[in-house]
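One chain, chain A, links the two complexes that follow: it is found with chain B in the first and with chain C in the second.
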Partner chain A sequence: MKGLSNVFRQLRTYPSAVAGLTIIVLMVILAIYALVTIPYSEAVQLWRGGDNVWLETPRNARPAWLNYFYKDKMPETIVLRTTDDPSLKTTVDLGGGVSTSDMLLEFDYNYDGFPTELAVFLTAEYDSARPNVTMKWITPDGREIPIADLSVRAQETYRISQDTRLVRRLGGAQPEIGLFADPTNPGKVVKGTYQLVAEGLVFEEGSTVDASLVVYGQLHGLAGTDHRRRDITVALLWGTPVALAFGLVAAVGSSLTTMMLAAAAVWFGGWVDWVIRRINEVVMILPLLPILIMVGLFYSRSIWVILGVVILLGIFGSGILSYRSMFLQVKESGYIEAARAYGAGSGRIIFRYMIPKIVPVLIPGFVTQVPAYVFLEATLSVLGLGDPVLPTWGKLLNDAHTNGALFNGYFYWVLEPASLLIIAGLGFAMLGFALDRIFNPRLRGL
Partner chain B sequence: MPSLAVKLPQEQPKEQKPILRVENLHTWFEVRRMGFFKAGDVRALDGVTFDLYEGETVSIVGESGCGKSTLAKTILGINIPTKGAIYFEDQDLSTLDKQGWRNYRSSIGYIQQDPYGALPPFMSVQRILEEPMKINGIRNKEEQARRIRQVLEEVKLAPIEDFLPKFPHMLSGGQQQRLVIARAMILEPKMLIADEPVSMLDASVRVEILQLLQGLQTKHNLAIIYITHDLSTVRYFSERIFSMYGAKIIEKSSTSALLKEPLHPYTQALFEATSDPDAENLKTFKNVPAGEPPSLMNPPKGCRFHPRCSQIIKGLCDEHIPPEFQVHEEHIAACWLYKDHQ
Partner chain C sequence: MQNIETTQGRSVPARKRKSSSLGRILKYTLVRGTTLLITVVIGVYLAILIANGGGYVDEMRKGQIREQVSLELAGNQEMQFLTLKERRELEDSMVQIRTEKLGLDRPFMVRSFEYLWNGLTLNLGSAEYLLSDSGSRQVRNILGERLAPTLLLMATGQLVLFFSGVSLALFLSRRYGSFLDKFVIAMAPTSSAPAWFYGIFLILIFAALLGWLPFGGMIDAPPPQTAFLRSLSILKHMILPVLALIISSVFSTSYSWRTFFLIYSSEDYVDMAKAKGLSDRAIERRYVLRPTLPTIITSFALTLITLWTGAIVLETVFAWPGIGRLTQQAINLFDTPVIVSTVVIYAYLLALTVFLLDIIYSLVDPRVKLGGGGTRS
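Up next is the complex of A and B:
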């Protein structure tokens, strides 16, 4: 305990260690926040997507905070729902079960850019006669553009942007542009209050109709969205605990096992030592990445299986030899002899007498190993061998790569996960190097 | 060392029951070539026989590599004897079961040469003292605390509360060696094996440590095997002296008889080599035998000392291993010079 507080006191004198430790603590907080706010099952479901999960987010939208840097302000998504605000709807009973529901969806549009898409989602309740809805668009300069005349099923999605007749009516312009553009200067947005007027007509007692208008923007949220309208924030958040857990478990698991094996080899000597060294020599030359790719292709891509293989192969390597040489020295020390004289057993000597002597050397090594394993997981994901259900940083990079993010200008899609990976690596590396200097004082002069 | 109380061996220990009997003990270490093929044996102990009585101190002297430490480790059970037997209180060690070994280990304490190396650097004083008790089945916390208090008082590491949380590197060399002695005493042993306990300490601390050992011996009636290469400390401390050369005991004697008249040529040379702070030494040359200690893999035929011996009897010493000759009542030498004393 005393040694630990001593290490912390020394750590404070290294600014890089303080910075590294801060980064790690922030990452841990982020990871805990992710786990608390988005439970595992919800994260998996959000990332798998589906019909009703990501209806109201734009495709390939940039992060919203980019507006601070743009001269021309880009639109964010505008959503108006009559179910949220009943005052948007006025119902007049015409008698005989017939009534009108006039819905006025009004919004201010003061951006310089056009929206990316327009859609109206209609819901209706009826027994046999479908309600009817007639929609028209009123621009700030008073033009009225009829849009559509629909008979509404229980769930009706009307994508204004995909209405080819409307395109023809607008003279060939895409509706999300044609409906907002200045007729005299088609590249410019008319700013002001737009209205979508949906005149509903219901034919049954108790039957209702509701509408919601979604004006998809060019910007969304903290991190933007991907090609499947998914909010990248989810993957960035959930990638943190996955990356930290993978890196830590792999580093701790493999280096502790390595140390135990090396200690056992040295302590028991003879054929145990021989067998462990021969296995080590064989496994050392096995290439890690191709084996992981094979496991991913032929067996399972689950992150836990991959983790197991990484630990199993990570146990062996040059580490076992360097630990072995350290243990050979420890084995001959007087206190081990004394422990044998008072009857300590093999297990006790290995775990209570040999390993504690080496642990200080191990700590900096394993701290610097953590980012290596984080990067390994990302590498596998980029190669398309990531876990099929969990959102991770590497999978974001993989998606970005397969969808040509950098050709299409979706730079945020690559930069966000990449910078998180770099920051995580930097934090562990800075802490690890400082720890190395504390535990190996000979490096301090360098 | 004038302050050390001279304790001369007056009482005859022979009437007592031997606490430890070592019979024809051999400890050989196998040397392998390329990991598999046996290249030979290092005969670190080659036929050692002696008795140790209760409350008696025996010094084992000899140069480096003569097998002194191997003897200690074989008695402690760290090395396995190749041949021969060790009896502790008439119980053959090779027949002991687990509980028997535990009892045996509780009855012997081990004091090493390098006190810093003998203490695990990552354990506090308290844990160092608790470890032997935990391993040997003393789990009662109060009993542990009582014993820790008692041994630390006995080795004069006071105030005790200050020392308990300390780590070995915070102690001085003398304090470290006291802690090693405390650890050896914590199981309340009947016998101590001290392997060069003062050779790494400051001259000023040596006397204190030896006095401490002597005090413990009289208080607990301990048998002590005191291994050293330093003859100047032997005479104040032990009742009998065994001289070792080339993995064998070549001379056994009471301290007074040996100091009066060393019999074996090797023991004579050993005494000759002991330095005294005397200005006359500048002018005199010491009669030290030439040559090197024998190889323990291929020991010389006959007497192991014959290649270096100035009094060699050709045809006898270099052919036949000398048996033990009873020269005086308490003085035995394995040397052909005394072949008439059968």
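Up next is the complex of A and C:
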């Protein structure tokens, strides 16, 4: 315990260690936050995104906070639902089961940019006669534009942006632009209050119709959205525990087993040592990534299977040689001789006497290894071998790359996961470098 | 004084042994070469075991044969006259013949050694989906076409990295404690990110924002007419990937090499050389660089192993038409023969890199030359 507090006292003198430790603590908090707010099953479901999960988010929207930096303010998504606010709907009974329900969906639009899409989602309850809805659009300067006349099924999606007849009526302009543009200056938005008037007509007793209008913006949430309308925040949040767990488990697992093997090799010597060294020579030259690719392709892409293989292959490498040379020194020390004299078995000597002696060297070793494994997960994901269900940072990069994010100017899509990766990597690397200097006094002067 | 005595005492037998130093280097190279070859053989065998784990690939190939045969029979007009039973029997016998022809009926252990030989000689038959640019299906042709770009990119990157690393490290050790020195130490942790990661940022800055350099690929489309312009175009496409390779490793390598240099510059014989009044350059070359080179080469070998691993994604990110990109395409198309052969090729490339460095090591390490110490561990 005293040794540990001593290490902390020394760590405080290295600014990079303090920064690294702070980053790691923040990452852990973020990971816990992600696990608590979005449970595993929900995260998987959100990221697989069925038909109805991401209906009301725009495609490829940039993060909303960018508006603070833009001179021309860009729109965020506006959603108006009659089910949320019954006052938007006025129902008049005309007798004989027939009634009108007029829905007035009204919103202020004070942005400089146009929306990216417009859609109306209609729901209706009826037995046999479908309700009818007539929609028109009223601009702030009082123009009335008829939009559509629909007979509504139980669930009806009317995408205003894809209505070709409306495009023709607007003189060839895309509806999301034509409905908002100033007629005298087509590149400019008319600011003010817009109205979508949907006049419903139901033909049965107890039959209802409801509408919701979605004006898809150019910006969304903290992190923006991807090509499938998914909120990137989900993957950024969930990528944190995945990356931390993968990096830490792989680093700890492989360095602990490496150390045990090295200790066994030194203690038993002879053919055990020889075999371990020969296996090490082979594994060091094995191309790690292609083998992982084969495992991912032919067996399982589950992150835990890959993790197991990574640990298995990570046991060998240059680490085992340096541990070996340290253990060779430890083996000669007097207390091992004493242990042998009182009759301690091999297992006891390895685990109780040899390994604890080396633990201080192990800690900086595995802390510096963590980033390599975090990036390995990202590397596999970029190759399209990411975990099939979990959202991770690497999968975001992969999606961004396959959809030409850089080429199309969706920089946020690449920069967000990339900066989280580099921040996490730097945190561990900086802490590891400082720990290395504390535990290896030989380096301290240099 | 003691130093001089020992060097003098050693120099006489050393001269006598000089005649056999070439033999020692040869022996060392031979031993290392054989070890590496055995390593590659074991590695490829492992790859084959993994690829064929649980007979999975065999099942797939048998399924393909059956499908092919039944398609052929269904398309054949003459088969219309046979009864269903006769057709079944014919189909079964054809499947049987083809399975035997491919040797799929023999036990796996026997075949695995045949696969091993085929793998080592890169005689891996034809790809399932991918074609070479010349239209060939042979895996060997596909790989042959992709090997040159990979070698060009990686060799350039590794050479530039080595020389820039050594000169930066020397410069830093001369200016120990300066701002640049501290900067490189502070930047050393950034090497935990692989090259492709920096590649993304480089593409973002130089291709997307500034538009100075291309997003990826190896040559302009359509390719320029003259050979000179073509090589210029390739050079232009190489700048960003090579830069990414260097950024990803130069800080940590020059940091650790600088530390080696500093350790060796504090030796007594360096002080002695200074006292003799030798120039800084001569001291560096004869007394610092020479004893450090073996250590540096060993550490460079480890760096290169990681660089080769990252090459697959680096090529993918830069759309460089090499083996890495081929691997990625094969993954997307699930082209088993191509994937297995890329594993073989990477095993060869890694072993070759290590072997080349071993030869250089044997040339610069006096222990190998003079037979003074053991082999490296």
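Note that in this section the second predicted complex is superposed on the first by the 446 of 446 C-alpha atoms of A that agree within 3 Å, B and C clash if a C-alpha of one lies under 4 Å from a C-alpha of the other, contacts with A are read in each partner's own complex, and residues count from 1 in each chain.
Keep in mind that, in the parts below, a contact is a pair of C-beta atoms (placed from the backbone, for glycine too) under 8 Å apart; a residue touches a chain by one contact, two chains touch by 3 or more.
All values derive from a computational prediction rather than experimental measurement.
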Consider chain A as the common anchor and indicate whether chain B and chain C clash or fit when overlaid.
-> fit
Would you sort A:I145 into first (chain B), second (chain C), both or neither based on which partner it touches?
-> neither
For A:S318, decide between first (touching chain B), second (touching chain C), both and neither.
-> second
Once the structures are superposed on A, label A:R340 by its partner contacts, choosing first (chain B), second (chain C), both or neither.
-> first
Applying the touch criterion given at the start, work out whether A:Y353 contacts chain B, chain C, both or neither, answering first, second, both or neither.
-> first
Vertex at chain A, arms to chain B and chain C: angle between C-alpha centres to the nearest 10°?
-> 60
Dominant toucher of chain A (residue count), chain B or chain C = C
Give one of first, second, both or neither to describe whether A:W274 is in contact with chain B, with chain C, with both, or with none.
-> first
Partner chain in contact with A:I422 - chain B first, chain C second, else both or neither | second
Give, as a whole number of angstrom, the minimum Cα separation of chain B and chain C in the superposed three-chain arrangement.
-> 12
Overlap of chain B and chain C contacts on chain A, residues none
Once bound in the complex, which stretches of chain C touch chain A?
-> 35-36, 38-40, 42-43, 46-47, 50-51, 53, 56-57, 176, 186, 188-194, 196-197, 200-201, 203-204, 207-208, 215, 259, 262-263, 302, 305, 308-310, 312-313, 316-317, 327-328, 331-332, 334, 339-340, 342-343, 346-347, 350-351, 354, 377
Residues of chain B touching chain A in their complex?
-> 35, 73, 76-78, 101-102, 105, 108, 110, 112-114, 117-122, 131-132, 135-136, 165, 167, 180, 183, 187
Would you mind writing out the residues of chain A in touch with chain B in their complex?
-> 2-3, 274, 333-335, 337-345, 348, 352-353, 356-357
So, in the complex, the side of chain A touching chain C is made of residues 16, 281-282, 284-291, 293-295, 297-299, 318, 321, 325, 368, 371-372, 375, 378-379, 382-385, 397, 401, 406-407, 409, 411, 414-415, 418, 421-422, 425-426, 428-430, 432-433, 443, 446
